[in-house]
């Protein structure tokens, strides 16, 4: 049985997209398909006019670097401290060490973890781990930010702060795709896709109010 | 870890060392292969000289030693403790002889040479010391087979041990590999730390191997020194020279690199299957 | 994995096998240690019989072989190809002799015996074949040292390899160990699957060792058979018998159990530190 | 710096307890102290008139079996299928295989995962993993149920269902301790402790309404 069926969606550069649906609906699966973490059993995914299915192995890493991914299970490295976890994407891009430490600290500061840069992730609280994952996703200033339930482990205050970070990225032209259980409550122009029983419905196409 | 690699690597190295030394020894002995040419009892000095000059011209013959019958008789008497026997024999029963070392071990060539020599007047009897050579070669053959068997088994162990270790490492760093791939690391970026580790393992293991070899050669030579009288200093093991030592370490590093490269590739492949 | 254990375990086993066979061989040869007693030339038949009966009474003497001077002379002639030499010697220069095998290798006892024998009238000269014995014992000593060195190195490798493997396993099952502890598993419950695996590794490795030994013994004996002439069937390697084979497998299982027990304990301890 | 300071709380058998606080406040730490997963740097934890600190290593497993723990990071075993994950606590108690499969299926059914018993946890959605962790905690019918943010990954419907499972355990006399970001909204008699800056405050002591 296929988790997702008859899915058809188009995301323009600079869009703010919400994917909603109940537990097990297929939100994570859809996000993984978009970011080429998983391959579709049938159908095609087109990114910048390229069919990702036909991308060969050597090109895949360079595609992935355009995405900032926040996984539902964080996927932090528990044998490196917070600083090194956030530094990883920059090391992969082979930046200067001085550049790296400047940008890592900026990212950690944004999620309120600058004072914990030398701690190991295992000693962080659940919400702090989630924020660390967000810092790692934004540190390389990706052109597409994909976040799978980024605020599930956070209380109201932190949730709002984090959502504002995403909105500020969207403001500067980054494409932002966020999954969540509930419909978003924002006045910013966005699209909301709801997954229900494997089908995708465009719930809302909220225009910018102001 | 270094120790495992060191010990494992040192065993086939010891084998090689011994084999190397043994085949040097065998070369030394091989070319001392001799035939004995016994002359007729009533041969004249002139005839002896004639035969000697003839032998000297033969290209197969490396070295000629003439042993007058008196010398042979003295030797035999010493050997059999006959010198002091009462009623010794006044007449020497032994003939003059040439002892000839050959340049070849080819049995056909030796047979031809012997046939040629037999036609010379004054030559009574020719004895080939072939059995002794054959025996020695057989022993060396045995040693060789043993060392090669041992060596290949141990090299198998070495490869399995190194790649096992790197596999252990890739398992420990499985999450790191997965996450790195997901955020866009190229395969060579992911492999790099593992291959470095593999090379360092090889280097450290190689150094330890050299240390172990050094100690073993010293111990071995101490032991053989104690019983040197019986072997006439023949069995003194030479350790690898500088060039060979460097080659050994280089080989170990190469093996480490290879094992780690393969293990890392496998680890990445394992993850690629579930994309 | 079975293969690594099998190969590693087979190497010291081969060593033991050879050592076992070599010491059997040495026992065989030791007791053929001889002294040669040369008699005076003009000895009478009665005197010979008297000496022989005296020798037979001596408890240190195992076996006596009397060789009349004529036999010795015939042998020497054949040996030196003298039989057909013209102008052979009519008179036999050799004495009668007793060749005596001894029950002991103790050099003091032998020296005493020789002193005793020297006082007997009619005995002219006594030669001990001690050099040959010493030489053989030295060689065996060398082999022994070699095998023990090899054996202990390899057993070290074996222990490291097995515990490395189990360590790899405990690393792979680290999560399982942690979760099991958190939901109330006792340490023995957690260790159980690892110790089972260790024992199974030991068993499989032991079986493979036996297989490798079988093949090596067969190959070795095939080779020695080819060159049997030179060794007179002396070097035929006997494989372990059933009891020894079972002991080997049992030892391997024990080693596997021990290595896994220790590794599992360490893995649990590692987690206990962070409670 | 100590995460929690001056904490003093007493939990009676059969209580329904909520622990609230913002991200990083120390909720998980408190729950781990209560269940003896972590040891306090100072102070004592008394369980059934026994000081847990003085418990020796051999007695610890038997103490732990009285707790049903739901960890914030689930701590599922990704090399066993759902059935085996839930069966683990029963295997540790060395129950009969037939008993085990009956009780495992009942627990999976309660969290709505009976049809996924043969799947590996890695293929489950985030919420399904959370429900699987809940099934594992309740399968051994513990006398104390401790759940660290059990509904963070769940949408409203599932959240209500899961909370009702906890309430039903509480109804039959099980002590239930639940942490969450937000104050609970239930009419059942419960205590709510709020952690703020390392201090514990008894927010509410809600009596049974009816």
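Should a chain be cited, it is by its letter among A, B, C and D, assigned in written order, with residues numbered from 1 in that chain.
Keep this in mind: a residue touches a chain if its C-beta (ideal position, glycine included) is under 8 Å from a C-beta of that chain, and two chains touch if they have at least 3 such contacts.
Here the structure is a predicted model, which means the values were calculated and not measured.
Identification of common neighbours of chain A and chain B yields an empty set.
When chain centres are set by their Cα atoms, the one at the greatest distance from chain D is B. Rounded to whole angstrom, the centroid-to-centroid distance between chain B and chain D, based on C-alpha atoms, equals 71 Å.
A straight line joining the Cα centres of chain C and chain D is 66 Å long. Here the spacing of chain B and chain C, counted between their Cα centres, is 23 Å.
Residues of chain C in contact with two or more other chains: none.
Taken as a graph of touching chains, this assembly forms a single closed ring in which every chain touches exactly two others. Contacts between chains, counted with the stated touch criterion, involve the pairs A-B, A-D, B-C, C-D.
Every residue of chain D that touches chain C in the complex is listed here, in rising order: 37-39, 57-58, 61-65, 67, 69, 71, 75-79, 88-89, 92-93, 136, 140.
Within the complex formed with chain A, the residues of chain B that make contact are 173, 175-176, 178-187, 189, 272, 275. Touching chain A in their complex are the following residues of chain D: 21-29, 72-73, 124-131, 148-149, 152-158, 181-182. Chain contact summary for the complex, chain B toward chain C: residues 3-4, 7-8, 10-11, 14, 38, 40-42, 76, 80-82, 84-89, 91, 93-95, 124-125, 127, 131, 134-135, 138, 141-142, 145-146, 149-150, 153-154, 156-157, 160-161, 164-165, 167-168, 171-172, 212, 216, 219-220, 223-224, 227, 230.
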